[in-house]
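Both complexes below contain subunit A, partnered by subunit B and then by subunit C.
This part shows the complex of A and B:
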């Protein structure tokens, strides 16, 4: 590349420009536009957006029977998605960090679902839940448990749990790899020393392994919260929010309002609420994670 | 092999630990459960409809109906979706990583005003999921008249991919020793030259890890494509699979063949470049 006689900071701005430009145009602006849209009444087609004040929020919070169910599902899903898959991932990571034959193959087995497209996961599980020929009801028949057979995705008592099971299957491997990487940073000499001093399995875990994993834990928790708030593909693919809105979630509901029912204002209001929930979780984490980075410099 | 001579022995001990042996059997059992869906899908994809309905779910296919694959390929317009997916991925992934690398280099190595603010903004950007605002993204792409076009999907992909990649590469570039670039600075080389001649070559492993992770993510992306690519001639594989599922869901053999064909590329990429995945994920998330 030719030598340019630009001041160093100008060169820096030039290097930044393309990324910043694309980001502001197609990520940051739409985010601001969501907020603006949420205060207007608009069907997405007419040239004119009229100012609607808080009407959309009022409609969503008081007159929309689906919103509260979707909010409840989103929160329940998020709490469970932070606890259940991560506990499994953590256990797996601890186990696969031991000297076991074939452990790299075992890791591959648990990670494989992570790289499958979520929409394919949805298709796979929808087929496994097929009430007539699917895997689950097939197995129940084989085990003589016919009385347990249900239409997993068609029954509103089971649908959300059924979708969640698919999510667990897909997401366990992701956190497992993060935990495994975190475990690499646990000093083996420290563990050996503790062992020689007579510390038992639990004591080593409690006083050596766990403290070293604290940063990893924080990352995994925040990533799984954000991942569950944006749960979309798997629900769209498996149930589309049904039956009877029993698997409806906020991200999906915002999409449905705007893109399918043509009420962009109301859809945007749902988006803003979801964005606010995301911020409440993300901002404290950011403040926490940026502090050590600053002192490290 | 070292691993085998030490197998089942905890760190700091030379005795075989019975708890670890039990654990091992448990893990193998669980791993079998984890891959069972794949086995089920592949088996079903090779069965004719009548044998799907007549046979046990885990019975291996007796008739090897490869015709399912051929039929699913044409009925699912795979020739179109594969081409679209390939074009979009091949443009988006290298371009995105390159733009991110430039920006990350500037943020990590060029002293400038507002650098800290940009970094904060970038970290913030990594946390905001685009699934939350699909409609406004649609509006913005529509304002540029780019609905149903390759640039229309590539630009938002770039926008939402950049923060995360910048974040990862920022950490990586910050750890490159100062001496490497200082000498070149003294010789009068511009930042463009240093970036191109020193930082890109040095960070090739990190860049490849990002490329491979991003390949899978882009290939698999569904929600954004759903909103922006509404014309079936512009569909990517996930959209094609979704449509196939809703149209031909009772052709079980073909549906499963379509699933296999959709997930195969990403699976192969993962199996071939496995170690890059771990490298990419861990530099990204743990290194802070």
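This part shows the complex of A and C:
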């Protein structure tokens, strides 16, 4: 019997085929169906969808009292979520990359919140923010700082920030681990060579460490952007989008429209808008950040 | 050769077990019931016993009860709507806004033949039956419970404020709130993060300021929210209450946190339903509280019904109807009186050895012939969401009371 033989490059396609099939079935096809649904009118219960043209987009963009606030919240959250937790993670990674006593335990401690389910994080923080019995307001009272007491989750000026603090607490460990992995792959030979040439700590960091971390940075930033744009669980668990929809986010608004209000067309339209925003941010960044690596071949 | 024999025998065993298993499954009757998580352990125990007894009385029947939180229950029903994996019987509140959505989508089986067969019209209360008749083409759903909502007040806090009797008019209610405030006691506690909690106050204010007929027209979206001065007055009253007489902060807490505050005697009143009696019983605080209807002046009780609907896709509709008949039977309703609801929907139930709060609820139910329903059951879902946003906006000072009605009307006008 003749042996089945493929050229090595063709073997790659064969090995990828099952994963591509699963991706097509559970990710790509639903995406296409969502785009199609955004041009339809469907309540999720009827057997048929009727064509609605651009009605859903028109309704979302011109007659939805919540959409633009949700868009502002989503963009603001994304910008802050890309900057703040990652700055903290990077600092922690730099610190925990040093030979410190107990650094393994510290790494575990900072990573632990990542493995807690977001809805559990939401419940923990919601109780800590309880205006009457919660940890924060009781601590402020004990420290005679009653003037600092606010309705953390009920005042629109503070609610989104309060939820964001919980998000930072939970997400810092994940990026920290990625940065740590990146730092450990920085060539020690290059660092030693730079020091021998007289480079100080800041010069070594700027000209050796940071460039070596570029692929890691790209991964961390892309993941941060994508995860921020689809922020849902923690907001759902802590505020439900309130008070008065002031903490509403696009991902949650899409869910609300479809699964709670039964307007799948509008929910799909919000999802498509969110997808376009994601692509506009992520694709150019990826092309820019990976270009020098390709030209170096 | 030996390997081939082993494989062939294994395959034959697999096919045989599938056929036999399938035959066994086909002969047993399964009844799938989807409902919400229950308010108390008492209710869960009651349901467990009811199901066991029904199965014992119907050999070969297995009842599978699935409980979910509210949002998950609605989502599961949508996902199952077009499949054969859905329930035979499902819980949903009555009214156009909630149960009506499923009826309009053709997912509820009309039950006229079972109403005739089991005589539900002569067994169940008139008020609870009313929502089954609102749909063209047949009767949908069977009443499960009928709930009223009223003012629960802390007797000790009322006494501390010098209030000797519950308010009989809206002016008295406001005067009592002022007395409570003077005594350093917030009149109400609400969980603002669950929008329907504060909505109850708004609904009662609309009933008070607009009157019954206009209120119904507004909720049916046949009257104009933007131009009626009584609507603006209602939203102004809401703002007055939330700014002066509700325990703050409240917009960031839910109804469970609000109840904890009520138990901690941090506020004098809650606007809650008859189910609270069970919760107070579990807290052993029945003697500390009393009940009075919200004094709207219209002689209508603020109430809603909970229903069980038979799915149009059910393969066992007769069994489903039989279970619902059993659930509402004289024997079951008498045995679990006060547990499934303060007042049974079965008119044959006799009440004895009940708590004063349950007696008070029965007095309230007997007094009122007419009802008005919660806003989130009367409105379509998208209008409810906007109604919630505006109520919270007025309470949170982000929407002026004068523009609240116009904002809601603009949303209604933009709907297709």
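We adopt the following convention: the second predicted complex is superposed on the first by the 254 of 297 C-alpha atoms of A that agree within 3 Å, B and C clash if a C-alpha of one lies under 4 Å from a C-alpha of the other, contacts with A are read in each partner's own complex, and residues count from 1 in each chain.
Please note the rule applied: contacts are C-beta pairs under 8 Å (C-beta built on N, C-alpha and C of every residue); 3 or more make two chains touch, one makes a residue touch a chain.
Fair warning: this is a prediction, and the values are worked out from it, not measured in the lab.
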| item | value |
| --- | --- |
| Contacts of A:54 with subunit B and subunit C, given as first, second, both or neither | neither |
| Subunit B versus subunit C as contact partner of A:203, first or second or both or neither | neither |
| First (subunit B), second (subunit C), both or neither touched by A:133 | both |
| Which partner, subunit B or subunit C, touches more subunit A residues | B |
| Which superposed partner A:66 touches (first subunit B, second subunit C, both, neither) | second |
| First, second, both or neither for A:33, with subunit B first and subunit C second | first |
| Partner chain in contact with A:152 - subunit B first, subunit C second, else both or neither | second |
| Partner chain(s) touched by A:289 [first = subunit B, second = subunit C, both, neither] | first |
| Which superposed partner A:259 touches (first subunit B, second subunit C, both, neither) | both |
| Shared contact residues on subunit A - subunit B and subunit C | 44, 130, 132-133, 259 |
| Subunit A-touching residues of subunit C, taken from the complex the two chains share | 71, 74-75, 78, 81-82, 101-102, 105-107, 192-195, 248-253, 257, 260-261, 264, 266, 381-382, 385-386, 389-390, 392-393, 396, 398-399, 407, 411, 414, 416 |
| Complex contacts: residues of subunit A adjacent to subunit C | 43-47, 55, 59, 63, 65-66, 129-133, 150-156, 159, 239-240, 242-246, 256, 259-263 |
| Residue numbers on subunit A that touch subunit B, as the complex places them | 1, 3-4, 6, 8-9, 11-16, 18-20, 22-23, 25-31, 33-34, 37, 44, 92, 95-96, 98-101, 103, 105-106, 108-113, 115-120, 123-128, 130, 132-135, 138-139, 142, 169, 172, 174, 177-178, 180-182, 185, 188, 191-192, 195-196, 201, 215-216, 219-220, 222-223, 226-227, 229-233, 236-237, 251, 254-255, 258-259, 264, 267-268, 271, 274-275, 278, 282, 285-286, 289-290, 292-293 |
| Residues of subunit B defined as touching subunit A within the complex | 3-4, 6-13, 19-20, 23-24, 26-28, 30-31, 34-38, 40-41, 44, 52-53, 56-57, 99-100, 102-103, 105-107, 110-113, 115, 118, 120, 123-125, 127-141, 155-156, 158-160, 162-163, 166, 188-193, 195-196, 216, 219-223, 226-227, 237-238, 241-242, 245, 249, 252, 255-256, 259, 262-263, 266-267, 269-271, 274, 277-278, 281-282, 285-286, 288 |
